[in-house]
């Protein structure tokens, strides 16, 4: 069975585990998957011409309001993996990233995540209209 | 309104934000809340006589299988906060931690999390019966 | 022999190791000592009325230009430890922190560090005169 | 002037900065350079057939006993960089890594580091003879 091919994704990014990301259980610490997922989202945005760091400089922040992460199987030292994602809009202000992590080369499902974000300006939620247009949703 | 007092918790632990935990948005990076939550769970277990590191040495690991985290409000450099938690059993093999983070001293709700764990031995789920007994659930 | 008492220090801060700070060798990852040392320096500055984060807001950054760290003995899960430090001026623009980490309660020497910093404004080194005065060196 | 070409190195590895590695000063946090340097050393060892994680499983650990790091210039969000390194033996038991970090594509010198390691078995220093042979020093 090949999890990776069952679904269409609009962006993907390859990584490999660095030893310092593993904890005393010898596997990647749970918190580090959020780092990986964040990095994949930012690279996706960059690929659509949106810089997270530049937005922050301009007073707009993309804020994560909720994460749901299912940890299916642990990654170990030096494992290669790929993060695949889709982005959709939900209601007026929410952006929902669906992000799946697969180990390479066997495409074993490692993590399934749903990350909900909102755009804020000076700390207040704003409609992500411009962002949406730029991203091409 | 006082979020902190609306609910009974069986354990709590105080922290304060360290500057290196903040990212370029000037607030605590989302992944670091998982570190805080993990540390609070481990300290709770220790308070009940269960050592996460010792368990690992003995071949038993407590594995997080799912997290749901609602990010309500960001923490900033040097903010003090408290993590409060409850633990309950769900089905035969799952342990569910409900963990809330409140800023101090104003008790503003920062994060609401539900963390589901399972006990594994040599990588396979086992009934957490002994653990449950030791914890006193 | 009691390392801790051989030397006078002007500030100290207690910590305990959190499990997520340990790597797959089962000991605190080397990089995390830099986090500990940084946090101790920032708390020292705060104790003298100087906020690292506020300084950054005002355009002044304290930058580490050099670290020398001798790793004498590793810390493990849940070890308690204390960081002791002294600050002295070196030349016109350098501030030198001497920071030692001792395990508690046995006061075993864990890390000996020398951290050199400079103050910068908009990226250029400036004399730390005002800072020095405020710190009371 | 081109720093990168002044010196011969026996290994190099390219990275790019991930946003979560930056702190509230908007630049890569000092501790994260140690992560980068560690990852480059481990990848170098792997390129010579030596696995840090496997060694640990077999009871041998490579321990860092001292680091000296000169921070020349900060890396920012999404900067690309390369770590170049040389390894030499010092005395009977010490291995010395010289590691330089250059920003890409302009090859600006970012960090100059000297990292001294020793091999230990069950916590005691051992001659790195076998390791040396395997690495081909």
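As written, the chains take the letters A, B, C and D, and residue 1 is the first residue of each chain.
The rule is short, and it goes like this: contacts are C-beta pairs under 8 Å (C-beta built on N, C-alpha and C of every residue); 3 or more make two chains touch, one makes a residue touch a chain.
All values reported here derive from a predicted model rather than from experimental measurement.
Undergrad: More than half of B-D's contact pairs recur, by residue number, in one of A-C, C-D or A-B. Which one?
TA: Most of the contact pairs in B-D are shared with A-C.
Undergrad: Suppose chain centres are the mean of their C-alpha atoms. Which chain sits farthest from subunit D?
TA: Between subunit D and the rest, the longest centre separation is with B.
Undergrad: Counting C-beta pairs in contact, which comes out ahead: B-C or A-C?
TA: Answer by contact count: B-C.
Undergrad: Distance-wise, how many Å sit between the C-alpha centres of subunit A and subunit B, to the nearest whole number?
TA: Distance between chain centres, rounded to whole Å: 22 Å.
Undergrad: Averaging over Cα atoms per chain, report the distance between subunit B and subunit C in Å.
TA: 28
Undergrad: Express in whole angstrom the distance between the two chain centres, defined as the mean CA positions of subunit A and subunit C.
TA: Distance between chain centres: 34 Å.
Undergrad: Which subunit B residues reach two or more other chains?
TA: Counting only residues that touch two or more other chains, subunit B contributes 19-20, 22, 24, 26, 29, 31, 35, 38, 53, 77.
Undergrad: Subunit B touches which residues of subunit A in the complex?
TA: Spelled out, the residues of subunit A in touch with subunit B are 24-25, 29-32, 34-35, 38, 53, 56, 61, 63-71, 74.
Undergrad: Which residues of subunit D touch subunit B in the complex?
TA: Those in contact with subunit B are residues 19-20, 22-24, 26, 29, 31, 77.
Undergrad: Flag every residue of subunit A that touches subunit D in the complex, lowest number first.
TA: Within the complex, subunit A touches subunit D at residues 18-20, 22, 26, 35, 38-39, 42, 46, 51-53, 76-78.
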